[in-house]
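The following blocks contain the structures, represented as structure tokens.
Here chain A shows up in two complexes: once beside chain B, once beside chain C.
Presenting the complex of A and B:
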């Protein structure tokens, strides 16, 4: 078995593990749809009672609803479970067992995240997406390039999100509780990633800041590609920017992990 | 070449202590007070391939810390460790293929999934070839009698069942060395026995080197030809259990039931004068305790039988568990360096 086969196998195990919690995902889907309905009504109200329209209603609602379909700050089991289980393992000391395995701890978490993300795609993201197309009539990508660009961007977004989750998870090495950090992460993402409100509505000063932060890679970039705001060279450039952030996030989480694992081997956790 | 070499190893933990007072936590954040705990002071030993060694000691003696250093989880503060020729914490991945680990208090199985899924996970983790995996799983599952459990979620297993599954998990990748940290803790007699016979079998048939920590002397008796006792971070004994029994368990006890214990007291009085000779009478029962190196047992028995007419007689060696407790409390010297005094006490 080569390394790829092994990682693939591990991801499969994680998929099986998550499929045991179908009910969790079903509830996530329901709550996702309810929040989507809420945001739909809010934006509808805003557009009905104001006449300063930064973008057309159709583009806006496509952006916001797709934002809910691919939401990386969703309170979902796929997102929560790995962070939660890792911080539990740190607190109980079970993490020691992960250190006597031939697969690197973070690589293992990565395969796990892939498995969980796949299940979430299947149970929450794709059903939401189809419902939005059929019921709300949101616009599909305008051409094949936007569609492919969006899928690539979504994959990179997953890596950025994994990096961020890893960092949040490792915080529990020092605080023994990742809950607070996770709540903060969710709040930051909701706003600074552009999930709830497109950057175009932000004040110029804030917008200038958020386009230089990694969080845009988890919503603003993929959504702007989907809605056709970023095309051609601008799209490619945005993808590279996003990829750059993915690498930076992975490197930061790697450094923290190395520090954390040193701490385990010296202090015993 | 020994498969495990431990050379003057030492492990000191630094733990931060919370300051007292209202702002204690806050102040500690900036100027932490650290306390040093020496878990392992200075330990050296070597283990040859195929050996089966028990590691015994009271709680907090440093057993788990030693195992964690051998598995590469902890880095020694001083000294050298070689496992299979390499330093475990430097080369964790290489080390992980040659060792299997079971911590009695922790689980390596996926809690919510069927047992089999955890094994599948390990198969991918270690990249175990399919044929080996199938062979090992069916063979070990048969011997450990866990075939019926493979499709049950881990959370539904009893402790004994789970522990058997854990041991199987530690062996799937065919390690050369198996570390077991209190594998039989909390198990009932039958569950313990199953685990023992399995460990014994893989040690004998597959030459897997075993190092196990335990509080249970039956584990040692059954599994290990060699016993290491650790106390307060130091190795205080390294040898066989038989040697301890023979040389340290010097106390023997005879109990007799008879209508007239007073007569026996008179007889027994002839042996007195030896420091370790004690007689106590309780209604119809007389109990004589003596050092069997100083008094010839057959001589004593002959004398007692010919003068006292006991209705019943029982002989008992010193309880080995009590003996080991004494070793912990008083140090090995307390039981070791009593030179045998003049043999035989009969004049």
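Presenting the complex of A and C:
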């Protein structure tokens, strides 16, 4: 069996594994819709009470609601489960079994993440997206280029997110408190990725910082492509920038993993 | 061993003593796993900082939201967030009860001479909440120092009463959900979204639709533990009713849910049975 077939098989196993937790995903959808409603009302109030508008209501609400539909910092089983299971395996020592398996530890986690992401797409992201279009009347992408650009950007965002989750997971080799690390990650992402607030609302100093961070690849870039803020060459450039960050994040997580696996050997030694 | 007979006061002293021991055990685990403790404290801090950033960035652009000024909003947010964090730190028990039921730990609690709910509470401290609570209090004090609230001793006491009421209202609501776990074992996915509903009450209720307002005031009365007491402190003449209603509802809810819990416990058949 070649590598691709093996990866495909492993990803398919994780998808089927996750489909068993339908109720979890159903409740993730419910809570996602609930939070979206919360942010919809908060933004409506903000828009009503502001004198100067940074962007039109339609663009704003499309951005914010799409941010909730593709939210990579959502408190979902897809996001939590891999990190928690890794930290549990480290605590119980089962991690040793993962290390002797004939497939690379991180590659295995990657196929797992693909499984989670696909099921979350199917159960949470796409239903939320359709509901937002029908109920809230958010704008669909303005042309086919924006739509394709958005989909490509979403896939790269998944890789950036995997890189970050992988780093958080590696932190659990040093601490057993995966929950604390997870809370911090979610809080940082909410703001620095541009999920909750479009960067255009930020003060100039903060904006100058966030556009040089990898987190923008998980919300601001895909959402700006979706809302038509980034088009043509600017879009292509943003996609390359995002891809660059994806590679950097993967490399960092790889480096930490090499350190972490050495650490286990020392402990087991 | 049969528990010795104690009157109500002796029982209270006994339970407080026990709780102190639970805290001591927990404190030792905190010192033992030092990195974990730091991660948790920083996690809590980040969570509060993130929402505060949200408020700050937004309110640089608008002078008032539904009649509330920036510092008033921060005050509401600070009180609500502190109540939530204290609940998480000390009364996190509804979230861990499900695990105790599944693992059969509840059966172990039931044969010990102290109430199972008390034992479960004693074992469910959550340090993440302490980080958030500290940050929440700093935010609350920061906002209060920019508002002319004319602090009196009574108002200080009321803040404490409001925070305790907030903790108890959250506990009561979440515990009521957990009791249904005696009949439906898959509860984990419901309790989280209900708990998150609390986040709505960190904003002035006026910005929400009447449905959400009614839901958070009458059905799942989280707002009575966060927005209303804060509003009472900020606008005493407009929200004067909240003064007494808040602690009263907290006590009433607790009595109701505690009886529901006892009822559920009598009907409880072990998970592994």
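The rule is short, and it goes like this: the second predicted complex is superposed on the first by the 268 of 269 C-alpha atoms of A that agree within 3 Å, B and C clash if a C-alpha of one lies under 4 Å from a C-alpha of the other, contacts with A are read in each partner's own complex, and residues count from 1 in each chain.
Criterion: a residue touches a chain if its C-beta (ideal position, glycine included) is under 8 Å from a C-beta of that chain, and two chains touch if they have at least 3 such contacts.
What you are looking at is a predicted structure, and each value in this text was computed from that prediction instead of being measured.
> For A:13, is the partner it touches chain B (first), chain C (second), both, or none of the two (neither)?
It touches chain B, and chain C stays clear.
> Once the structures are superposed on A, label A:38 by its partner contacts, choosing first (chain B), second (chain C), both or neither.
second
> Which chain, chain B or chain C, ends up touching more residues of chain A in the combined arrangement?
C
> Contacts for A:100 in the overlay, against chain B (first) and chain C (second): which applies, first, second, both or neither?
A:100 sits against chain B, while chain C stays out of touch.
> Have a look at where A:187 lands relative to chain B and chain C in the superposition and call it first, second, both or neither.
second
> Spell out the part of chain B that touches chain A in their complex, as residue ranges.
Listed in rising order, the residues are 13-15, 65, 68, 71-75, 89, 92-93, 95-97, 99, 101, 103, 106-108, 110, 112-113, 117, 120-121, 123-129.
> Show me the residue ranges of chain A that touch chain C in the complex, using the header's touch definition.
Listed in rising order, the residues are 23-24, 26-28, 30-31, 34-35, 37-38, 41-42, 44-46, 49-52, 54, 75, 171, 174-177, 179-184, 186-188, 190-191, 196-197, 201-203, 206.
> Which part of chain A faces chain B closely enough to touch in the complex?
Its residues touching chain B are 1-3, 5-10, 13, 16-17, 20, 92-94, 96-97, 99-104, 108, 264-268.
> If we count contacts the way the header does, which residues on chain C are in touch with chain A in the complex?
33, 35-37, 39-44, 46-47, 49-51, 53-54, 57-58, 60-66, 127-128, 186, 188-190, 192-193, 196-197, 199-200, 203, 207-209, 212
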